[in-house]
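Shared chain: subunit A. Partners: subunit B in the first complex, subunit C in the second.
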Partner chain A sequence: MASIELVCPAGSPAMLRAAIEAGADSVYCGLRDETNARNFPGLNFSPQELKDAADWAHGRGAKVLVAINTFARVGAVDIWRASVDAAARAGADAVIVADLGILAYARDAHPDLRLHLSVQAAAGSVDSIDYYAKTYGVRRVVLPRVLSAPEIAALNRQISVETEAFVFGGLCVMAEGRCALSSYATGRSPNLSGVCSPPEAVAFEDHQGQLTSRLAGFTLDRFEAGEAAGYPTLCKGRFQAGGEASYLFEEPTSLNAMELLADLAKAGVTAVKIEGRQRGKAYVARVAAAFRAALDALDRGESTQPYERLLSSLAEGGRETAGAYRKTWR
Partner chain B sequence: MSPRLELTIGPLLFNWSPERVAAFYGQIARDPAVDRVYLGEVVCGKRGPLLAHALAEAADLLQAAGKTVVWSTLALPALPRDRQVTAALAADPALIEINDISALAHRPPGAPFVAGPLLNVYNEAAAGELIARGCVRLCANVEMSLTAVAALTAPCPGLEIEIFAFGRLPLALSGRCYHARGHGLHKDNCQFVCDRDPDGLTVETLDGVGFLAVNGVQTLSHGVQVVDNPVAELRAAGVTALRLSPHSGDMAKVIAGFRAYADGVLAPADLAAAIRATDPPGPLVNGYPRGGAGAQWTARS
Partner chain C sequence: MALRGPVEHLLTAGLRRAARRRPEIFDRLDGFQDALFVLAPDDWPVVFELRPCAGRGVVRVVRATAPMAGTARIRGPLTALLGLFDGSIDADAAFFSRSIRVEGDVQAVMALHNALEAAELTVADLLGLPAPASGVANASLSMLLRGLAARDARASA
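On to the complex of A and B.
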């Protein structure tokens, strides 16, 4: 079995170097504009920084994948086309794209540029993957986080392209790219603006020691004094349905599927991916090193277990889940 | 004079009993205000077999009454059975509505289709890709403002545009069934508990404010969208049809209200009152068409 490629996030040139030095085979990053789904101030790359970073990475045998993974704004599609051009000029090893119109542009304007299908396209079935492969020449699909490991195995037996699976970081419980909860509350969402539960809509209110988190005025959770208060991501809020309060959609956990690396390898995934371009170089160095060690152990035919607890303090509220990779999640 | 704005009935999103489904479409068939009806299970493949017979009978009845009937595909086909159902629908060259790109894998090139509101078509380039494949009508994604719809329509001449004008907004899809989870069950053994909530199960914040509604693997808004822009604005944006999503309230009155509004008989400012009188499952919202948060409501003055 071929070694699994470790794909790590790079929100800045420094983070890119840290990821590769810690053992990433590939990094993914975005240009400093609305064409990428982590369009935060102080993050991302200028075209020149991207070119320099690609040269540096290639000198170390690593690959650079450029995320142009938002849906183009109507009437402004040229901004997304320009990002594809910039990635090609920088010598990117692939672009990660979700929008049908941008996939078509990349295919036609840069036939030699490798195309990866973003998780935002939510292509989780043989038929949709086939369609993207045949129509746009997509070579790799980043899988939705709603598939179980056996489903991924079944999928890989039936498709001709590579698959990449998220294994660590933020966990979407909805099908990525098919969720408008954030814009319903705040007016901004991943598909419209490249952000989810945006910080400017967040408020914490302290009332006699009890802390309430709100998003655009909607109460998302309440914490007693001394309880750790998490960021109010909409789908990880506590709600009432049928008279009972619960984390109806998902507990405030994050994904850690290290214990399932062997299963994912058997399922035929080509690459595993770490989430978190917004989280800085110390984060990526630690996560990349841990997954590098686990993947190397796997290559030697050893257990990944010694590395599984290395990262728990990095999770949101210290709580982790293997998510949908275990079918009981549903 | 331009033809009347069409009224269409969107696919039933909820798990209603076959009797209720038959009665509902019987009423729609008799209603001259409705031009087109979308049929088919869009949300959960497990429900499909329960309603197959009632929907087939409804299709015959609606067609005999002169309505255009369009079958609508599953939004997130996952299981082999979901894929077979989708493939069979897509392979038939008759007009269908597509709610997931996977249907195109089985669609004869050029066969006409409606791109449903659950597809990610946010710009003219993406619309162009679908038009080249046979897309004749787009029901705009609910997140799009009317200004964005207008900007998409302008470079796509001939594309019919439908907008989601009435109902709880379809906001999200998941691999996880929240109805089952809410009842302590697992998706694979869900006991079809979603049939208890004909408009979805209301989700409130901890302070008891209605926020969302769960419907199996789908999450909807608690608020009920009512598009009440001046009709001239809709026409200028290229809108040719208003989609009304089935709910348990008085749909005949919902349809009558929107017909009167679309025909210029009922002022936009009076549409809200007409709809509130139909027992909608939540407060009215109209933020998305105005470019704001979907949950907002701004009254017309």
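On to the complex of A and C.
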């Protein structure tokens, strides 16, 4: 069984270096514009920073994957095409794309540039993956976070391209690439603008230790003193329904599928992915090191158990889940 | 507040030195170059007002009891604030655990955080010390500021 590739996030050149020094085989990053799904102020790379970072990474045997994974806006497609061109010029090892038009552009304009299909494309069936592979030459599919480990194994037996699975970090409850909650409240969405809960629409109010989070005037949650908080997104809001306050869409909980690495390896997954380009150096250094140790243990035929609880303090809401990989609700 | 002047001078000089050495850091602040960030260590009698302004940046020390001013206020233990400055702690985890609290313009705070994350600055840089002294400098600055604040609080009591 081949070693699994560890793909880690990088929101800045400093974070990219921290990820690789901690054991990442590949890093994924984006340019400083709306063409990637982490379009936050101060985050991401200029074209020159991307080039310098790719040179640095290649010098250490690591790969750089560039996320151009939002859906192109009508009348502004050139911005997305320019990002593909910048990634190719920088020597990126692959671009991670969701939009059909941008996939077609990358295929035609840069035939040697490797194409990965973003999780935003939500390709989770044999037919859809075959279509992307045959039509656009996609070589790897980042799987939507709705499949169980046995489903991934069944999928991998029937497709001809690599698969990459998220194993750590934030979770979205929606079918990937189809969320309109942020757009409804703020006019900006992760799938089109690259920002979920844009920070200009977020407000926090701390009153005698009680924290209230709001998005564009909507109250999302109120945390008592000492209660672990979550991201200020509508999907993780706590609302009253039927006289009871509860998380109607999704609890503020982080994915940690380290205990399922062996199952994912048996399922034929080529790479595992860490979420969190917005998190920073300290986060990626800890997560990359823990997963590096776990994957190396797996390669030696040892258990990953010693590493499985090392990252709990990084979890949103202070809680972790194996998510859909174990569909315990079935 | 008798020692406010030297502390302000030290921190302002450090901020401007960082701007001279690493101007690209300030590009990441985009439209928040002139924003006023208030850094408020828990249980301190003073807070730090930071206005980046590229090479014309200023740090001021004001009483914690002064009316809330500025674009955004970041509160938390001094060690956490220093950890955010040099990127040695994960800001989101600090937020989840309620160690760090944010008020005001969240977009400005995010721009500042991401700029600092990319900057790889240390407290040693702020003080003009060589990078290997970072660990010692973090601890020393923390002790220095804590001591000055306590002394000022006694003097003004």
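The working rule: the second predicted complex is superposed on the first by the 312 of 330 C-alpha atoms of A that agree within 3 Å, B and C clash if a C-alpha of one lies under 4 Å from a C-alpha of the other, contacts with A are read in each partner's own complex, and residues count from 1 in each chain.
Assume a residue touches a chain if its C-beta (ideal position, glycine included) is under 8 Å from a C-beta of that chain, and two chains touch if they have at least 3 such contacts.
This structure is a prediction, so every number in the text was calculated from the model and none was measured.
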Fit or clash - subunit C, subunit B, common subunit A: fit
First, second, both or neither for A:Cys8, with subunit B first and subunit C second: neither
Partner chain in contact with A:Cys179 - subunit B first, subunit C second, else both or neither: first
Subunit B versus subunit C as contact partner of A:Leu248, first or second or both or neither: first
In the superposition, subunit B vs subunit C on subunit A residues touched: B
Touching partner for A:Ala228 - first (subunit B), second (subunit C), both, neither: second
Partner chain in contact with A:Ala288 - subunit B first, subunit C second, else both or neither: neither
Partner chain(s) touched by A:Leu147 [first = subunit B, second = subunit C, both, neither]: first
Subunit A as apex of subunit B and subunit C, Cα-centre angle in degrees (nearest 10): 120
Touching partner for A:Val77 - first (subunit B), second (subunit C), both, neither: first
Subunit B versus subunit C as contact partner of A:Leu155, first or second or both or neither: neither
Shortest CA-CA distance in Å separating subunit B from subunit C in the superposed model: 19
Those residues of subunit A which subunit B touches in one complex and subunit C touches in the other: none
Parts of subunit B lying in touch with subunit A, wherever the complex brings them together: 75-78, 83, 86-87, 100-106, 118, 120-130, 141-144, 148, 151-152, 169, 171-178, 180-183, 186-188, 201-209, 211-212, 214, 219, 221, 287-288, 291-295
Subunit A to subunit B touching residues, read off their complex: 71-77, 98-105, 120-128, 130-132, 134-135, 144, 146-147, 151, 173-175, 177-181, 183-187, 189, 191-192, 212, 216, 218-222, 235, 237-242, 244-246, 248-250, 324, 327-330
In the complex, subunit A residues that touch subunit C: 11-15, 40-43, 198-200, 202-206, 211, 223, 225-231, 252, 276, 278-283, 286, 313-318
In the complex, subunit C residues that touch subunit A: 28-30, 32, 75, 83, 87-93, 95-98, 101-103, 105-115, 117-120
